[in-house]
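Lettered A, B, C and D in written order, each chain numbered from 1.
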Amino acid sequence: MAGNTFGKIFKLTTFGESHGPAIGGIIDGCPAGLQLDLEAIQTELNRRKPGQSAIVTQRKEPDAVQFYSGIFEGETTGTPIGFVIHNSNQKSKDYSHIKDTFRPSHADFTYTEKYGVRDYRGGGRSSARETASRVVAGAIAKQLLKDIEVIAYVNSVGKIGLNKTYQEVDFSEIEKNPVRCPDAAKAQEMEAYIKQIRSEGDTVGGTVCGVIRNVPVGLGEPVFDKLHAELGKAMLSINAVKGFEYGSGFSGTVLKGSEHNDLFNEDGSTQTNLSGGIQGGISNGMDIYFTVAFKPVATIMQNQETINSKGEKVAMQGKGRHDPCVVPRAVPIVEAMAALTITDFMLQNTASKL
Amino acid sequence: MAGNTFGKIFKLTTFGESHGPAIGGIIDGCPAGLQLDLEAIQTELNRRKPGQSAIVTQRKEPDAVQFYSGIFEGETTGTPIGFVIHNSNQKSKDYSHIKDTFRPSHADFTYTEKYGVRDYRGGGRSSARETASRVVAGAIAKQLLKDIEVIAYVNSVGKIGLNKTYQEVDFSEIEKNPVRCPDAAKAQEMEAYIKQIRSEGDTVGGTVCGVIRNVPVGLGEPVFDKLHAELGKAMLSINAVKGFEYGSGFSGTVLKGSEHNDLFNEDGSTQTNLSGGIQGGISNGMDIYFTVAFKPVATIMQNQETINSKGEKVAMQGKGRHDPCVVPRAVPIVEAMAALTITDFMLQNTASKL
Amino acid sequence: MAGNTFGKIFKLTTFGESHGPAIGGIIDGCPAGLQLDLEAIQTELNRRKPGQSAIVTQRKEPDAVQFYSGIFEGETTGTPIGFVIHNSNQKSKDYSHIKDTFRPSHADFTYTEKYGVRDYRGGGRSSARETASRVVAGAIAKQLLKDIEVIAYVNSVGKIGLNKTYQEVDFSEIEKNPVRCPDAAKAQEMEAYIKQIRSEGDTVGGTVCGVIRNVPVGLGEPVFDKLHAELGKAMLSINAVKGFEYGSGFSGTVLKGSEHNDLFNEDGSTQTNLSGGIQGGISNGMDIYFTVAFKPVATIMQNQETINSKGEKVAMQGKGRHDPCVVPRAVPIVEAMAALTITDFMLQNTASKL
Amino acid sequence: MAGNTFGKIFKLTTFGESHGPAIGGIIDGCPAGLQLDLEAIQTELNRRKPGQSAIVTQRKEPDAVQFYSGIFEGETTGTPIGFVIHNSNQKSKDYSHIKDTFRPSHADFTYTEKYGVRDYRGGGRSSARETASRVVAGAIAKQLLKDIEVIAYVNSVGKIGLNKTYQEVDFSEIEKNPVRCPDAAKAQEMEAYIKQIRSEGDTVGGTVCGVIRNVPVGLGEPVFDKLHAELGKAMLSINAVKGFEYGSGFSGTVLKGSEHNDLFNEDGSTQTNLSGGIQGGISNGMDIYFTVAFKPVATIMQNQETINSKGEKVAMQGKGRHDPCVVPRAVPIVEAMAALTITDFMLQNTASKL
């Protein structure tokens, strides 16, 4: 019940705390016979890695993944893929100041209440460091997906929005700037803003858009496991996420049915795609697109008043190395979770009809 | 894998098509010893029932639930609760006109492609009629939750918004109008708008807000099964839902960390609640609140061009009895899914620590 | 967690007590496109039905199954198959004498302790009446299995054994006698013995053998979900079962490796089959065969001393209509559970390799 | 679906091949607040370790477990416990002779057919080396079980049987001899026989008995997840197991109901215990006892004819270091699987009634 597994057939189970000896996971249910590109997996990890640019946390971690099983002579064997990422940067003493302190809007209080005990070193299990394991599994999922493309990019940082639909941008621009916004001008504006926010010792939220192209018709399992329901859960399980919408999303609520309906072309495609590639919880072959809302990181470099485990008010100093804005590094995580979701539905769908 | 089960311990599995002989479900994992108020269950069903007011579909269904097992002398026995709601209104011939036609923005096309066959009578399994079974289970969940209150209400219809936070409204107003909006003036405005939309043969979307109060600290299972991730999935699994946000949601993305952090009071409660009652995926004892986006119903009383199963363009006449706006009847469904989610986490939490 | 679901992809969830209004279930995950032979399903139910011969319980139940969903124009649609069997014979007053009494070697005591409450009418949920739902699902599974044959027969009644291997008997004899033993002479002996046991107001145990033929290579999921592990669980979940063995079973433990190894033929088949058609938890294409041990039915028509819910010694009269020996009616149940197990593994195997 | 997870709440997922860099696993759902005795875990591993005595395989492996997460300052934290055992003895070249050869009664053929590819080094995933991970998790489960004792011992080796019930033996004798048979004289006889078998280059089967004492009333989840059904599955999932029986087992099938029924004492205990501590799938507080049948190890030091992957007959030489009889080392594995089963049911049972 402890919730560390994602997926039904292509199943990822993760372990690890931010300041323990290692994090890692087991992928069970990966079909045999997949020639793995290990370099591509490390490339995805590098996209999520701390220290990759001036606008992310400067914590240094090589984030090198080691595979322990499930791969033989470069190919998946159908047995579980165990992998480990050693934590090189375990400065546990950095965290003695928060041992008995509940940081505002962190999980310190809730973990302590739920479990009666907490690994207080840097967030422990609640740290987003855990998402590195997701990126490993997502990178393998991407290789299974072949022609199905999973793309994410930064859509807004604070109030600075891209203000373009995904059709209007050039995905090849995404990796050309540290913000991962596919618009050079906007990216610069966002980057400058993030630097300013950092200089204030503050943080800021943002949104990430995801697009999944070339999805075959038929993925998703009604009624509870609709494609967008699992995709939404996948996104909401990422640290700091506060909202999810797909297709027309919240803006679709103000439309009339006559405006919102996607009329068919003769080949089964649709003239518009307000449905976001999903009808009745099942992919219809059109692009799936969605937006994910990230709150500002709770760790700020400012003094805050908070409480300790005895319920006493204590002063708390901002300290440590943290992201001023999480969305640039969230991009590969969003992609990973989307890839895991789609892969699982693909494998589920092999048994849907005779 | 077919996705008709919700929950891990308190598990609901549903069956049934809109125009088959019956719909129903099995609740497995309900603890023994719960004195059931059967009338309260029927009351919830009546809140979802077609024909309940002038602004919803006029299809007539008594929606009377029959329990077949799991209850003895008024009390749950710990064995699975089987229940059935007979469909009284199976006018199958009404649907002959859509037998070979794929209605725009319905699941006709995707079901046919996924399964190779489709019960074309009125949406079959993809009909929101299935949600009656959820309301039955949710009503039982509510009785298990005792002091934990689950409340939902209509927050907007098209562009007409309530424009108040949940703290600013009086929940006792919700059931006083057919729209289920806790503001008499706004409700009237919404009602008039829905009637106008109907007279145009059109439909409109809207949003529903949910609030869960008196939640104990500690519910939710990191990392993948965070409370809000499961809650989001629960909501996104409801027909016509396009988005979900909780706490500060999408609007929280434009805030700074220094504005967004919820500072603690000495008792562990927080001064603000932008977190929405959840930190690190675990309830913190504050109110959980969220918003759900519903698209306009796809069935409109207007002529549309569409395609048939041979890929030929065909004209399609608007016909039948449908909701011009789904949100008034969605309120009890949102409550049911929220109650199921919280109940399941409560039962999961009994084994979290020694 | 309450354990009323069997299977991972082809999933059966059952409900119902022996003296409630109905029993039934939901099959989720049945592939679409299966033309169902409904008569064949009823035929299987009739093989399990009470009152079918002079050597089984004389309780009268038509055991007519009604399908509520998942089937359209005779074909499965991929949506959940809900079904119900109404209990016609609910003589609840028959059971007032055991309301506060714990019958020896029944589940009365354990249910009461576990759940704090018990439906005392005729065993309630612990009654083997529940297995009728398994037979319905198993009959559908058999139709999915097509060429894969699932056969069971009575191998012993008390000390009267068939003393032949499955290769030595003619399966077409099984249904020719009420015992379901594929040897006319032995069957008569067993029948006479059962009648004698009944006249003494007593009961007796026995064994049932199962054979699964034409199984493709590759079914079963190591390491925990080995084919024989799930098959064993399936059998052990049947009421009154005390043991399970497959292939060489317990008698294989006295052999040497040089005697036990199954040497290969050039086509991958084996010269002997002590492995029982399974190697490393995966089917190897040879016949799967197994034996299931059933204890004597606990309800005897003799007086016994027992205790009531207050822990007081009470005298208990044998009363009611019960099977003197369970194995003849267990045959279709064993087949059903075997069919469910194999079907589930077939569907799981669709995603094992690229 | 790939079956590498055991348990529903206390869940063990394992990974690793016999000749890969490491094996290991993740335990998810272990309650927080358990002070772990790490030495006791290593002690259990040592009981399973190769090379521990003259009658087991002489392969050398330190089998030292490393924990990567879920434990903080000696205590479980409620987060997943990741652990790894590095394989020190990876003499891969030893196995080149079987690269294209299917060993009789091994999983070589079935893995190759199922997955299209196989890690041929020493059995890969199908090797019993995987069970070391089970022993780690079982050792933690034992610490959770506190007063509930889980004991196993060797009951027979080939035709040499202990011929005593578990009540007649002294469990403190078990670890006093390398066979793990709680009868010094029989143990010597068995040991001599195993040595003789080894000198013949052969192997032999045997049986292991298990006893679980001080089990509270109420564990087990009817109807499919009966205590003995899961326990049987747990045992059948161990390499080389061919059968499982509990309580009166196969010998109970020849008894009459009047002989088999366990009459109650006034305190709810029973005068006899042919039920084996379980009624209706739920523990009744009496001792749970069972027997597990192990076939002879398939790897023999004799020449055998077999086939290669092209279906050609090839000669095969016996070679390598293997157990002449698996039961002495199986004892801690049986205990581990029993402990995992009971622990999971204990945690499941926390939500069975109000």
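Operating definition for what follows: contacts are C-beta pairs under 8 Å (C-beta built on N, C-alpha and C of every residue); 3 or more make two chains touch, one makes a residue touch a chain.
Source: prediction; values computed, not measured.
Undergrad: Work out which chains are contact partners of both subunit B and subunit D.
TA: Shared contacts of subunit B and subunit D: A, C.
Undergrad: If you tally contacting C-beta pairs, which comes out ahead, C-D or A-C? Let me know.
TA: C-D
Undergrad: Quick one: subunit B and subunit C, Cα centre-to-centre, how many Å?
TA: Each chain's C-alpha centroid was found; their separation is 39 Å.
Undergrad: What whole-number Å value describes the gap between the mean CA coordinates of subunit A and subunit C?
TA: 46
Undergrad: State, to the nearest whole Å, the distance from the C-alpha centre of subunit C to the C-alpha centre of subunit D.
TA: Chain centres of subunit C and subunit D, defined by C-alpha means, are spaced 26 Å apart.
Undergrad: Could you check subunit A for residues that touch two or more other chains and list them?
TA: Expected reply: 1-5, 8-9, 14, 29, 32-33, 78-79, 111, 114-117, 125, 222, 348, 351-354.
Undergrad: Once you've mapped the touching chain pairs, tell me: line, ring, star, complete or other?
TA: Complete.
Undergrad: List the residues on subunit A that touch subunit D in their complex, please.
TA: Where subunit A meets subunit D, its residues are 1-5, 8-9, 11, 13-17, 20-26, 28-30, 32-33, 66, 68-70, 72, 75, 77-82, 84, 111, 114-119, 124-125.
Undergrad: Which residues, counting only subunit B, touch subunit D once they are in their complex?
TA: 9, 29, 31-34, 78-79, 222, 347-348, 350-354
Undergrad: Which part of subunit C faces subunit D closely enough to touch in the complex?
TA: Residues 1-6, 8-9, 14, 102, 104-107, 109-111, 113-117, 125-126, 130, 156, 158-159, 197, 200, 202-207, 217-218, 220-226, 228-230, 232-234, 236-237, 242-250, 252-268, 270, 274-276, 278-284, 293-300, 302, 304-307, 311-313, 348-349, 351-354.
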